[in-house]
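Input: structures, listed below.
Shared chain: chain A. Partners: chain B in the first complex, chain C in the second.
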Partner chain A sequence: MPDPVRVRDWNAASLTIAFGIATVLAAIVLIAPSIVILITSFTDSASLKFPPSGYSLRWYRALADADQMQTAALNSLIVAIWTTALSVVLGTGAAVAVSRSRGWKARLLDGLFMSPLLLPALAFGFAALIFIYRIGLRPNLPLLVLGHVIVCVPFVIRTTLAALAQLDPALADASLSLGATHAETFRRITLPLIGRGIGAGGFLAFMASFDNVPVSLFLADERTEVLPIHLWQQIETNLDVRTAAASGVIIVATLILMALAERFAGLTSQMR
Partner chain B sequence: MQRDSLALAVPLAALFLVAFIAPLCVLLALSLSGDSEFGRFTLQNYVKFFTDRFNYSILIDTLLLGIKSTAVCLVFGYPIAWVAARSSPRVQSLLLFIVVLPIMTSVVVRTFAWIVILGRYGVLNQIVQSLGLTQEPLKLLYSEVGVVIVLAQVQMPLMVLPILTVLSRIDPNLSDASQALGAGAWRTLWRVTLPLSTPGIVAGCILTYAACVTAFVTQSLIGGARLVYMPLHIYQQAVGANNWPFAAALSVIFMIAVLAAVALLNTIAARAHRHA
Partner chain C sequence: MAAAGHDVQIDHVSHRFADYVAVDDVSLTIDGGGLVALLGPSGCGKSTLLRIIAGFIAQSSGRILFDGAPVDHLPANRRGVGIVFQNYALFPHMTVRDNVAYGLRAQKWERDDIGPRVEEMLRRVHMAQFADRFPKQLSGGQQQRVALARCLATDPKVLLLDEPFAALDKNLRFDMQVEVKRLQHEYGITTIMVTHDQEEALAMADRIAVMSRGRLEQVASPTEIYDRPATLFVNQFVGSTNLLRGELLAQDSNGALVRLDDGTALRAADSKGLMPGAKVVVAVRPEGLVLSDNAVEGARPGRIKTVMPLGPQVAYDIETEDGAALKAVVARSGASGLREADSIVHVAPVSPAACNIFAIE
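Our next item is the complex of A and B:
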């Protein structure tokens, strides 16, 4: 008869091993694409073979002459900055309001503001284009930004609501009873305490806007072509190695931004 | 102050009214008209969709694609969350960073990387062929298996994060008690931990599912021109065929289908919770 303690040890060990293997496998699959594309971008040949036969910086140098790509990147940056600013201002206000009230109106608004996360963004982009034509306008940069705000603001609201939920209401009450106004209390007590939540949400909104294809596909015209759409079309038509170099730049920039967001806003803990 | 406490939400609510609700209403109106000028009322766009096998099978394929990718996410995502919840803070941060990285990197870049990996002469085929597992290169690019793999990788964080949140809130004494009473680790997982983490699993599945069925870039680049899912179909009808009323009907049908699938998931979860 087997020793029951050893049976239990084996049982526990097998679970840990099974889940450990699944985790390691998943971790490899999760990082592999970023590493493969980074290495490929340093190739010295004109093909996307991995591993490359030799290494050089020629495709990164080629980026300097890629005027269209640079314009698209600049457009994306402008749109993402405006989108983030508007999302942070409007989203923080909305989150504060929704968190204060428990009525049906607040719940309805919360559901409305979150719905762009679940609805197909492409359908919304198309709807926005129809609407813009219907009211006699043509797609332009400000309208593109507003479209991005709709699909990016849920990120700010979600992280801000989570930060507000952890806030002790006694702090604001104390400030008010000591004679501070609501505005002062918000600026000096509430805002500093939920700042990390807002920051994490702003970061997510920035990344979501910079990366958005489905809305930009309908609301961006030739003059406001954005980077992800430019790259998408490059990949669809001809697999250019410059695209790999641009991807390398994006990955490194993402890593740096993520590290900053983790350092200053506790990104991964805010996302839970 | 309490009475007008929703005042701070008014600016965003106004923006949503003008830039979200109004466009969706116009979309609905266009889907019910015969031409792009919002002419005569008709149901022909919807009739065309539901009587044409080519059309409705695209919707079914898309909804099934979501189920397959979500299932893969759950099978790998749950163990990741479980391991992360039991790791030291250092390992936990590292794991979370690895999980979050893909969703932060541009979706176009990620998908591009997968083309290099999955292609006919890609990394995966080199490995498989050098191991002698197959003579012919595997056709992963432009196949549904490829789309499922890439979607699962891309959307994994949406599954892991909600589950991890719930797992780290479960009282560790419960599983200790279960094991002290003689249940093995697997039985404890199945009877104690898994039921307690249902809310996280449901939240993760809903987010992952909605993201997978609507992932236009990944679906169109990995699936290629022959594997058509709803987002690409809408795009082709709107931009390629320039048939706006029909594309509007497709959009309405797709939105309702996604919302219905989410509601269904919620209902199943609520029922499972009551029985537990």
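Our next item is the complex of A and C:
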């Protein structure tokens, strides 16, 4: 059969071009800052001028001696790992509960768990701080993690709910009718099949926790200073070029993590 | 292996979703080893009834009994009911072998017994060479075989098939029908098969239960359902039929005399206890009509609109003088040959037994 003759449709074509331009612009706006900071981090001068007059690795070498920054990075890592672990466990449980409930109950639960995504995190951080003082506590690491969990768990719930929606309910029925208990069914059928969705949510939660500022601002004490806040202070006080190098490390690490997640879990397909 | 299957009794079971009655006072007894087809239009409650028997949902009222003992308190995983779903519901992350082994592992079979059992089941459904494939890599018919093997491996008391062949094309469907019937017979397992394909029900089942809007209309053998449908619904749902309106003139022990609206008189073998004067509709199957060239008693003249030779039979579409359309199917005897389109014929029922009368509500 011959190919149908393609009708030249200028309307459709101009729409495609318009969308194309918008996409390219969006990409530039999204990516350009990262590229600028990456290039700046290789400067050989002590200023954050762009473009740099010369290139060197001196600021990356300087990172090795930046004790405070390293401590902050370690804190951020610890907080992010705890946050991710807790978010995955709690978020999966919540998503399963939401997916099993019907009608207004489901919508209420869904809205409740999603609200941290919509409410300003700044307001939440402030409110949490006041609350903590009211019940006689002071900011500390576990409370910081808890605060992060509250704003990060919605990511896990979202992706897990999406994965659960894709799951054929007949699979669980089949498993039960073959004699498996509910617990076995969850472990051997449901969990493996929604694992990628949970993983994608965990990845998002990790990233959200690692660069969270608003909650950390209120809930971190002096000893648990986290990386984003430390970097901010360095820039504010002395335009420290090491912050550019630290940003470079974060950008590259993120890219590697994303590539791995995409490779092993099909990350982007889980976020739709 | 149990030679005789387990009796299944559905005792006045009803189920409502919110205020919608999906299953309405259904009672049905199936003897061990029997194969009953649940036949009915979409949405009549067939799947709901199966889900109740399997224990996935709890009925609003009534009881389910296996071998005379109620099983309503048993959750789905302790009922011993095997179910094959319309979409097979194979576990996509497991190989064919692991799918079949799943139930055996769940039921804590001895590790050493599982392997041989899985191989045996796969051989029985001719899937041994695909043991290491994943469900995605199989055709519909192959998936359906695996689903059957997975289900039968654990020796369920009762086998439920929810439209198991709906996704298969016609040839494959026939092969699988034969196969399932063979396995079912071999295992002597009591089986309930949901279908809305009447030919499938007629071909496979010992008995057919016709459902409509949550209620059982009739439970009987395939021939009984076809030849002596209890209700007009069954008559119309199973096979095709001609409906002729009229009035009951007289009834006696030999049957009923009906005057059709166009004036012809007609005898039916069973008056169904209707009283003279009742408005009735007479149902005659296409093969229950004879065509003749001459006007005989009780025949109405008509013009042949279309002729459809169906191999050994011929179907005629006939328009009577008052504009009614009749469908007749007659055997093609060598002598008579085909009738021509547009020719005039006289149509009459073969016998009073071919006419079923129903009251018009």
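The rule is simple: the second predicted complex is superposed on the first by the 262 of 272 C-alpha atoms of A that agree within 3 Å, B and C clash if a C-alpha of one lies under 4 Å from a C-alpha of the other, contacts with A are read in each partner's own complex, and residues count from 1 in each chain.
The working rule: a residue touches a chain if its C-beta (ideal position, glycine included) is under 8 Å from a C-beta of that chain, and two chains touch if they have at least 3 such contacts.
None of these values were measured; they are calculated from a predicted model.
Chain B and chain C, once both complexes are superposed via chain A, fit side by side. Within the superposed three-chain model, A:Leu193 lies in touch with chain C and out of touch with chain B [touch as defined at top]. Of the two partner chains placed around the shared chain by superposition, chain C is the only one that A:Glu184 touches, whereas chain B remains out of contact.
Contact with chain C, but none with chain B, is seen for A:Asp173 once the two complexes are overlaid on the shared chain.
Looking at the superposed arrangement, the partner reaching more residues of chain A, out of chain B and chain C, is B.
Residue contacts after overlaying the shared chain place A:Ala121 against chain B, while chain C stays out of touching range.
Least inter-chain distance for chain B and chain C in the combined superposition, rounded to the nearest angstrom, is 9, based on C-alpha atoms. In the superposition on chain A, the residues of chain A contacted by chain B and by chain C overlap at 182. Chain A meets chain C in the complex at residues 168, 170-171, 173-182, 184, 188-189, 192-193.
Chain B meets chain A in the complex at residues 1-2, 5-9, 11-13, 15-16, 19-24, 26-27, 30, 38, 75-77, 79-80, 82-83, 93, 95-102, 104-117, 119, 121-123, 149, 153, 156-157, 161-162, 164-165, 179, 184-186, 189, 206-207, 210, 213-214, 216-217, 221, 230-231, 234-235, 238, 244, 247-248, 251-252, 254-255, 258-259, 262.
Every residue of chain C that touches chain A in the complex is listed here, in rising order: 51, 54-56, 75-83, 85, 87, 89, 91-93, 102-103, 106-107, 150-151, 154, 156. Those residues of chain A whose C-beta lies close enough to touch chain B in the complex are 7-8, 11-12, 14-16, 18-20, 22-23, 25-27, 29-34, 36-37, 40, 48-50, 90-91, 93-94, 96-98, 100-101, 105-106, 109, 112-113, 116-124, 126-128, 130-131, 134, 146-147, 149-150, 153, 182, 207, 210-211, 213-214, 217-218, 228, 231-232, 235-236, 239, 243-244, 247, 250-251, 254-255, 257-258, 262, 267-268, 271-272.
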